[in-house]
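Both of the next two complexes hold subunit A, though its partner changes from subunit B to subunit C.
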Partner chain A sequence: MSWAQGILLARSLSRGWRGICGTILMRAPFSQVPSQAPRGLHCSTATHNSDSSLVPSPPEPLRGPTKALSPHEELFRQSPDVARDKATFVRAVQNFGQHNVHKRGHVDFIYLALRKMREYGVEQDLAVYNLLLDIFPKEVFRPRNIFQRIFIHYPRQQECGVAVLEQMENHGVMPNKETEFLLIQIFGRKSHPMLKFVRMRLWFSRFKNVNPFPVPRDLPQDPVDLARLGLRHIEPDLSARVTVYQMPPSKDSTGTADPTEQYIVGIQSPDQQAALARHNPARPIFVEGPFSLWLHNKCVYYHILRAELVPPEEREVGEIPEEWNLYYPMQLDLDYGRSGWDDYEFDINEASTGELQASSGLEEPFPPPLNGQEEEEDDPQRHQQGQS
Partner chain B sequence: MALVHKWMNGTYSLRKCLKLSDASRPFLSTRFADYCSSGLQKPVATPGKASAQGNTEGGLQGDHQREVALDITSPEDKPEASFDKAIKDEIKDHLRRLKDDIVNHWIGPEGRPLHEVLMEQAKVVWQFRGKEDLDKWTVTSDKTIGGRSEVFLKMGKNNQSALLYGTLSSAAPQDGESDRSGYCAMMSRVQRGPFDIKRPYDWSQFNTLYLRVRGDGRPWMVNIKEDVDMIQRKNQMYSYFMFTRGGPYWQEVKIPFSKFFFSNQGRIRDAQHQLLLDKISSIGFTLADKVDGPFFLEIDFIGVFNDPAHTEEFAYENSPVLNPKLFK
Partner chain C sequence: MNCCGLFLRTAAVRAWPALVAFTVSRRSLRTSLQTRAFAKELFLGKIEKKEVFPFPEVSQDELNEINQFVGPVEKFFTEEVDSRKIDQEGKIPKETLEKLKSLGLFGMQVPEEYGGLGLSNTMYARLREIVSVDGSIAMTLEAHQAIGLKGIILAGSEEQKARYLPKLASGEHIAAFCLTEPASGSDAASIQTRASLSEDKKHYILSGSKVWITNGGLANIFTVFAKTNVDSDSSVKDKITAFIVERDFGGVTNGKPEDKLGIRGSNICEVHFENTKVPVENVLGEVGGGLKVAMNILNSGRFSMGSSVAGMLKKLIEMTAEYACTRKQFNRNLSEFGLIQEKFALMAQKTYVMESMAYLTAGMLDQPGFPDCSIETAMVKVFSSEAAWQCVSEALQILGGSGYVRDYPYERMLRDARILLIFEGTNEILRMHIALTGLQHAGRILTARINELKQGNVTTVLDTVGRRLRDSLGRTVDLGLTGNLGAVHPSVADSARKLEENVYYFGRTVETLLLRFGKTIVEEQMVLKRVANILINLYGMTAVLSRASRSMRAGLRNHDHEVLLANIFCTEAYSQNLFTLSQLDKYSPDNLDEQIKKVSQQILERRAYICAHPLDRTS
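And now, the complex of A and B:
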């Protein structure tokens, strides 16, 4: 077998020395070279014809790729009934290393694997990224003398390492000690991937808890739970109560029907309940919506029910006598300023809010009289049901 | 811009340097087509103008350009008159601004008495109460690099707020070099004084940025640009995150200026330094959270105030691993 391999290599080598390290190493070891007009050395192996072969056909995963596929793409080509998940991805990555001791074409393979991660659903998995970094041969790319340290040593591999870390950064995955050890082993301490790792560790840890309204990373799948989470997220009053109205599951449901029946989820705080009690039934109440609320990458829609502000002359001001609660003051009037000359109020046009009270009202959400709910989230089906 | 245009035209006619002007006039006219203010009607009218001043060959050139232009019927009277009038209006506008500037200088900084400026602790810088407030802002999206996001800015309900809304799309533009896309931004225009001189803001007495916004739960980024004259510092800005809660309640966002980190060309740099507040050119909001879909942000006003409880000067330390030269 080695003479055939030698002839193939000699034929391809005779085309010129330029780009030898690039293209030839990229091809699968048993590539079949047709005796045609010379192709450019930099073109891919896409035009291989697997019919004319001088060597017996190798096992399936190492067959030269068909046209317009990148090298090693066949490692990721699964049969349609095999689920694309972490196990298959890991197996494909390990298959690359098994038959290819010298890891030829590892840079292209890593780029390909980075592109395929989204299909397999593993783009947020740190172990998979460590596995990808493990593909690099260790200790080969570390600079050994000052000249190698001055210039970027093995630039393509360093770019590839940076690309892996950049995809980690894009998906918000924090690298760990294993990643650090791998990077030091592969590239050395002053290399670009290592610098990027240090930056990621620094800035990610600084900005980890910078969100004052955090939403849990794994959102509930059930739409009712999602609605509940969303409503709790927008209502700052912690004593607000969430109520869920849901239709009972119908008896003649088909097997493939959506198990979640039509629902309304609402939230109301005690202040709003009290305001509702005070509300004059002669004044109208408005339903507004739907407004969108994003929780990470899911969008839910909510409606609000509100009423106009009562004009000042009709408002009855109830004084809370001080003796009502002796334990703590019911009304605190804390002023930010230290003394008379401090003025931290913004000189925004306050008169306009006065006009608002008359016309469409400042948005002070009031609960509706019907089912006592301030904010509702419902299924689109519910609208149709209401109309029918 | 129109002033410069007229001056250059005047010098060409004075010099009667036809060859030079013929060669450069198309260049001039196309360039000024970009920078045309609304008062200026047609840049192609200038060759006609030059012809009226007695250049025969310039007239020929003007004729040729007139045929090329779309709908000029009588280049001598109507567009010219409005062109002159537009220039006169602009000169008057600039001179009025200069007069206001000089008069205000006698009253105090920016036309307000000195004691008011010195004792001020909270200041509204941008508010949205009318169409002219919207003109101070400009919106961009990744359509400029070939993406598919859209963004629009309009007045909100009852003219009490501004609504920035649109759709984000992270489909990468097929131009062979970008593999990520999807951003929308709203930036304030640079404040200009008489004769278009840049007037940066001076917020050195304040230490916190205050925003009254109502969003939809998406994370935004607030960027502040300083007024710099060097080209090398053109893309430098200081940024911080603004997380919106979503919901019907107005949200007050207070960001101290010490929290803004430095970035250049869109990347966070290793050497971090404090944002200096004496020459602020513009502020901007960016949305680029890699989630496709519609978004909106309602802004009531933007102000700055001095938080006496905030004593931090700068929130980020420099690391000796990343910048060894700073620690020698």
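And now, the complex of A and C:
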């Protein structure tokens, strides 16, 4: 074999190998590569070379800024006035099925569709995922004998199935019986997608309640309610009260885009109120923020009202009244305290660095500084007067 | 030598009742030092035999006198008091009240020179056995005497006594005790009622409101506790003062009577004071000493609950036994079934213990001087209130469905018995009181030892370690109760040995607890509850042994039955005590305090039951 033939063989082999590796590692569809791959000397495949063709080439599809478009991109290209939602997505998927009976290039199409889901806002929709899985031809990829079972049968397709399930996992979508049935029909029971499905079913159900502070799936749209939810997460004390200060809708806004008024939402628990009442006015109080709090994919910003811990020397020891309890002595008249073996006072989780006195969320834009600051400072006092 | 000893012993036994009578008749002339109270010494692992053995007796004359009282009162209660009507209507009819006044029941403990009956504690307890047949009447009388006018008797000046007691004793005026407010139950420092001195310094202006006042609607004389400004040497402080307030002073209004679960005949309502003028002479005790007055009043009235509950339970046993022996199921009387027999034994046993404890405490209180029996009275109250609830519930259970209907008195007695666990200091608070007062006493005495141990004094440490080793190997404890010169009769000697063992180990445990916790034991309520439970059992055992020994030696009727009851109770209490003592060890597997605290913290954080429903699924 001459060295050229050797190179060709090597290149074709490597192309085949790269195909497999490429799908596993880089997940770039194979058909995207050929326009850059070098052609061999004695290649017999017809090349689509715009330089030397005699047939006028069909107009090339519009290319994106850096990457090439995939062949089925036009299915997803909509005119700008049509909204991108579930119905159009489903229609695009169904159009693919109608184009060719043999569903050529379905793997690439599925990858493309997975990428496009976010634009169409259907990434959390189980029915859409099932529809995508439905694109696979059934019964074709199931292993039929032991050799097929040993080696990964139709690895690209299995890899694609796994990719679909992985996107479901990333978005926290729980697959259902329909998915299971589809996977069994398409890939058989012992395939990788089925294995992944079984694992998803187990671990999703186990980890469903693992968050001790769950945030509800559908977040409220109203920003005041969202702020309230966020503050309840910051201050879980059930006795804490939420107060909302809202500016009345200003007269010069004439029904334009932003209808929500400016607001300050605050939360304070009775213990914090008491701490504030005890606070010595000579010491400063700090308004710190804004800190961000993410609730799924929405971010709210909050500030906290904080005071420094009083050093133990200056701490006012609450006077224990001598005759406090009618029935039993609240304080034993003994010289000795707890023994070291029973001292559980220091708890690393409860070490305090400062006294939190209130938290509040603000709407951007910040209301005019003077009013805003005054409102902030008056808030605690108002809390006190309003609720004492 | 032996026959001499035998002769002496028989002589001693024969002389026993005479000796007892001798000591009783000479009781008022005893000049010895005031001996320490019994329960506090139990904390140090010692039994003060002089206090409890022999069981306190009254002379035959006193007994005849009291039986003379008892007769008419009993007749009145069985014939003329219709408890069902009182319960349904929610008030006591006027004729009943008049009759009670004429029987002199409104001034049982008022001294004779002021027109009352002047009964000693023991006789008062005896009369309460009968009065407690009807819960509402018992409550009204108790609120009037045991707390309402007790303040005047204990802390009042001569002229206050002369002015108020005659009318109160005859029942013309009724008294009430006003301490509780909406925001303060046991927390005395937080009462809001204020009394400020007027400009002419002759009156106090009293304003505030009190809640849950028994006899609030009927009473004319109130013992009110309010905060006053007291100029002590260092600063001006707010201290509680007790006042005698008459309704005629003006500004006293009361709300409507509360609709209650039990004791529906008694009048419990809110009382409001608006700028009531109280003359300076009406201050009870001294200005600023109100809390001590309150504590004395409350501590002195509690023990009678033991005898009143015992009286009620005796009647209950009669009624229930009548039913159990006549009703037949499966061709046998109910009384032949084991579970029913168990219930009766329980009721009898609890009644016996309650009676013994109550009269032992009454005897202790009747000693000359002012013996400090606050722990003992608290123990009587806790034991009898819980036993009442349990026994009435069991009796209702014996009757089955009939017990549940209104036609029979059981459900009314159950409802009336529920308040016993709450008023006069809730049982939880009293357990804290029992445990902490005793621990304070023990702590003071053991201070020297504990300080030495903490500093690591070698001899003390070795001594303690040696003692612990010997304890763990099992030692026989002899505190002088059993044996030839023992205080108890040989037939209850086994139980006495168990008591001694328990007392000894209790003393050891108390020392360990003080060493472990020191002052901070005030916060360990679960530990204190266990200490209190053990102590209540110990006191019960002592009372029962003392009374059984006396019955045997004096030859009272059915003394062998008493011995049976005593032995049963002592065995049960012994095993309960052992378990509780083992729970007090630091790393004991039975000690579930940590887990309990964790569970309650998680529940209270969410203020709900947090487990998932058993039918919940995740997928």
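By our rule, the second predicted complex is superposed on the first by the 229 of 388 C-alpha atoms of A that agree within 3 Å, B and C clash if a C-alpha of one lies under 4 Å from a C-alpha of the other, contacts with A are read in each partner's own complex, and residues count from 1 in each chain.
The rule is short, and it goes like this: a contact is a pair of C-beta atoms (placed from the backbone, for glycine too) under 8 Å apart; a residue touches a chain by one contact, two chains touch by 3 or more.
None of the values given here were measured: they were computed from a predicted structure.
When both complexes are overlaid on chain A, the residue A:S292 reaches subunit B alone and has no touch with subunit C.
By the touch criterion defined above, A:I304 lies against subunit B but remains apart from subunit C after alignment on the C-alpha atoms of chain A.
A simple residue count on subunit A separates subunit B from subunit C, and the partner touching more is B. Once the two complexes are laid over each other on the shared chain, residue contacts for A:D342 go to subunit B and to subunit C alike. By the touch criterion defined above, A:N280 reaches neither subunit B nor subunit C. Of the two partner chains placed around the shared chain by superposition, neither subunit B nor subunit C is touched by A:N145.
Contact with subunit C, but none with subunit B, is seen for A:L334 once the two complexes are overlaid on the shared chain. Once chain A of one complex is fitted onto chain A of the other, the partner contacts of A:K208 are limited to subunit C, with no touch recorded for subunit B.
In the superposed model, A:L238 makes contact with subunit C only, not with subunit B.
Once the two complexes are overlaid on the shared chain, A:Q221 sits clear of subunit B and of subunit C alike.
Across the two superposed structures, the residue set of subunit A contacted by subunit B and also by subunit C is 206, 236, 338, 341-342. Every residue of subunit A that touches subunit C in the complex is listed here, in rising order: 174, 201, 204-206, 208-209, 236, 238, 321, 323-339, 341-342. Across the complex, subunit A meets subunit B through its residues 170, 195, 198-199, 202-203, 206-207, 210-213, 215, 230, 233-236, 291-297, 299, 304, 306, 338, 341-349, 352, 356, 359-360, 363, 365, 375. Those residues of subunit B whose C-beta lies close enough to touch subunit A in the complex are 119, 121-124, 127, 129, 157-158, 160, 180, 210, 216-219, 241, 243, 245-250, 268, 270, 290-291, 293-296, 300-301, 303, 305-306, 308, 316, 319, 321-322.
Subunit C makes touch with subunit A in their complex at residues 179, 186-189, 239-240, 291-292, 294-295, 298, 425, 429-430, 432-433, 436-437, 439-440, 443-444, 447, 450-451, 454, 514-522, 586, 605-607, 612, 618-619.
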